[in-house]
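In the two complexes below, subunit A is the common chain; its partner is subunit B in one and subunit C in the other.
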Partner chain A sequence: MKVVFSGTLLRFVNYSKEVDLEAANLHECIGQLSTQFPSLKPVLLTGDGHVRDTHQLFLNGEQLASQERTNAELPLQGNDTLLILTAIAGG
Partner chain B sequence: MARRHRITIPLEPCHFSPTQFQAASVLRFGMMGLAATIRQQVIAWPVLKKEHHRTVVISSVKIDYLQPFGFFSASEISLDSGLIARRSGKFLALDCRVHTPESDVVRLAMLTRPVRLSGSDVFDAAPADLDEPWLGRFAPDERDDSPMVRTLPARIEEITSQGTLVGDGKSSFFVSRTDCEFADQWQNVRLPDWFAAGREQLILRQPDQILTTGLREPMTCFMAEFRRPMYFGDEGALRTRVYQHGKTLAFVHELFVKRPSISEADSPMCATGIEEFSIGNEERA
Partner chain C sequence: MTNPSAFLTGSSPEVVQQFVRGELAEYFATSVNPGAAERDARSIPFTADVFEPIARLGLLGFLLPRELGGGGGDRRTFGLILEQIGFYCDELELASLVSMYADLVSVIAASGRNDLLATYVAPMIRGELFATFAYTERTDALSFTSRAVKHGNRYVLRGEKCLQTGGHLAGVFLTYVRDEHDDLKLFLLERSDPGMHIEPVATAGFRAAGLTRLELRDVEVSEQRVIARVDALSHAQRFLNDRRLFVACPMIGRMQSILNSCVTHLGSVIRYGAPLTQHQAVQAKLGRMFARTQTSRAVLHDALQRWTSNDRNQLFDPISSAAKYTIVENAIELARDALYLTGWQGYSTNLPYERMLRGFMSGIAGQTAQDVIELLLGNHVVTEVVLSSHKKAVNV
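Let's look at the complex of A and B:
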């Protein structure tokens, strides 16, 4: 699958706009990203490991609702694209 | 009496096009006015952000050009700014007068939305009304809870329903880090430049007598609403439609961000706006 990052997060993923990885569900996907990019974890996740509300998740173009984004078992497939987007930055 | 902040700005050629103050220059003046009034009425902006995790983002702007004014009109201008808390802290409204000792030259209205930062290094934020004690720093005559009216949608509706479509075009652009502020989010002051580039490309492809009004004449009014931000590395698409509405030539812009896995038709809109020009001034010259 492919994970796509937007501008504010790019500097935390070595400026890789797209990252390819293999993950069966959302939990695995986020875990792999945190391992691959350790500085991403504190800006992307809350203390209990969920994606902060200030970041939006789009799976294959559809925004994930709150129940979906907190569902660690949300299934992912090899041809999926997950976009991680900061809704507002207060820069 | 509602507080005002006044500064004098020496003028330089980059503030101007051949016909007038560039809209982006006026917006930069507005950002200076916003920083000055936040410092005067709330607390210094960097402190508000770093220590209190609060800031504001721009929701909409309106620029009214009140009289002809070019680079050779004066050596300096005065910027007079005032900040009002609207709707119990849901918005902060900035009013700026750009003027000479003799008269007002440009008027800028900027509406901002207070947000609360998460505190992380990415400066992610969510809308949050300005509450006490910050709201208490505004004097009674610096607070206005009366209903607010969005002027841009009504103006677009008037122009597109009553005017005649005389041109349309598309252009695209890349958001560089030089287009962004320190959090890699777009600078709102860049929006007039992207609108202008779309307008100019459209005119140069079809330089007829009506459309070239948008290059020959000074703009009379600029309005924009910001829907969602763009970021460093994003690719943007601009759709511009031109309408003749009486003696007004209006360039109506819609700015979208291109996202992977999202079709062009479903691309999220980031901003919309209008640039207006008066038709027929050359006949009076």
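Let's look at the complex of A and C:
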């Protein structure tokens, strides 16, 4: 599967706009990203391991609802594309 | 204390205008506006008593649910009220502070803690206690350096928050600080907490807003002062997203006020045997100012209307962000046009246009800087196209 990054998050993934990995579910996907990019983990995840609300997740073009994004077992397939959109504004 | 939200919710802009004109216009004209030039010239922020009539009118609790002691009003109506305050009050700062106070009441109340309602929310609604939020640092949000370190059941906070609006009056600072695990937490800090060091920040304009810098010098607070324990970064983004449009609301009122006074002034100036308002070149520029005002108002009202239908992104709403961006740019251009039309008088303190221009320019930096909005909107557009093309590919 493919994970696509943009904007603010790019510097935490060595400016890789796309990352290819193999994951059976969302939990595995996030775990592999955290291992591959250690500095991404605290930015992407809360202390209890959930993706922060400020990151919007789109699976194959459709935004994941809150119950889907907190579902660690959400199944993923080899041809899936997960886009992570982060828009962080200032005060 | 009255509850204007009870009869204003869902009202037309004209009804809201009548309300503000009837309740506040004379107060602004006689008690606030006469001091505007001096506050600007000497960088004197508003005093607390300025907000008393506004609190009595119920506006500081307008957005708070009724069951918590507020007015239960909606954000569209409140935005329209801010637009009209911007028309009748000569200083953008006032409407900006009113909207921030009203929003922060809701932030504290949303914690659901009764102790906070009694200690903070109730006096804030009455205009007896003021709050500000301390978020901005001299770096991006993912690199904030302020730190909260836990010792037993207490936290020790150290760092710097470089800009707060209304910090001069604030008894409460809602402060976003990273913990040992790099997670942002939201702390309720009191001005009197040992280690709180607050100093004024000098600015080019927007001076009555009392901007401050906050330094946290080992400020020690109990766990009870944490009001967002997890992922306060998302909390902050929702808060900023909601507030972005409010910054622009009073600018529309100011734009209309400038246009009106400009026409009046130019009508009294005789050049080549006729009032300037009769010169075609002047009329063309006034027409441009009118177009900027009307299009800005249309953009604002459309964005406000989306709030009532909940047709908006909770974290970064591109429509309201684009509205803020457009209104700020139009307001700056309109003030520049007023200066071009009025020459030396507009540049002097005889007319307030140079002060208005500096006020509008606060929107370049305030509530998400204009260049950051451009960047985020661009990223949004690119993402929309990528997502759209992906959907098409899936459907083929």
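Heads up, the rule we're going with is that the second predicted complex is superposed on the first by the 88 of 91 C-alpha atoms of A that agree within 3 Å, B and C clash if a C-alpha of one lies under 4 Å from a C-alpha of the other, contacts with A are read in each partner's own complex, and residues count from 1 in each chain.
As a convention for this text, a contact is a pair of C-beta atoms (placed from the backbone, for glycine too) under 8 Å apart; a residue touches a chain by one contact, two chains touch by 3 or more.
All values reported here derive from a predicted model rather than from experimental measurement.
Enquirer: What is the contact status of A:Ala89 with respect to subunit B (first) and subunit C (second): first, second, both, or neither?
Expert: Both subunit B and subunit C are touched by A:Ala89.
Enquirer: Per the contact definition in the header, classify A:Gln36: touching subunit B only (first), subunit C only (second), both, or neither.
Expert: It touches nothing on subunit B or subunit C.
Enquirer: Just checking: does A:Gly47 make contact with subunit B only, subunit C only, both, or neither of them? Give me first, second, both or neither.
Expert: The answer is second: A:Gly47 touches subunit C but not subunit B.
Enquirer: Using the touch definition from the top, say if A:Leu10 reaches subunit B (first), subunit C (second), both or neither.
Expert: A:Leu10 sits against subunit B, while subunit C stays out of touch.
Enquirer: After the superposition on A, what does A:Glu18 contact: first (subunit B), second (subunit C), both or neither?
Expert: first
Enquirer: Once the two structures are fitted together, what part of subunit A is touched by subunit B and by subunit C alike?
Expert: 4, 6-8, 12, 42-43, 52-54, 58, 60-61, 81, 83, 85, 87-91
Enquirer: Please name which positions on subunit A make contact with subunit B in the complex.
Expert: Per the touch definition, subunit A meets subunit B at residues 2, 4, 6-12, 15, 17-18, 42-43, 52-55, 58, 60-61, 81, 83, 85-91.
Enquirer: Would you pull the subunit A residues touching subunit C in the complex into a rising list?
Expert: Those in contact with subunit C are residues 4, 6-8, 12, 42-43, 46-48, 52-54, 56, 58, 60-62, 81, 83, 85, 87-91.
Enquirer: Could you list, by residue number, the parts of subunit C that touch subunit A in their complex?
Expert: By the definition above, subunit C touches subunit A via 133, 135-136, 140-142, 163, 181-183, 230-231, 233-234, 236-238, 240-241, 244, 315-316, 321, 367-369, 372-373, 375-376, 379-380, 382-383, 386-388, 390-391, 394.
Enquirer: Applying the document's contact rule, which stretches of subunit B touch subunit A when the two form their complex?
Expert: By the definition above, subunit B touches subunit A via 49, 55, 57, 115, 117-118, 120-127, 175, 180-185, 228-234, 259-263, 266.
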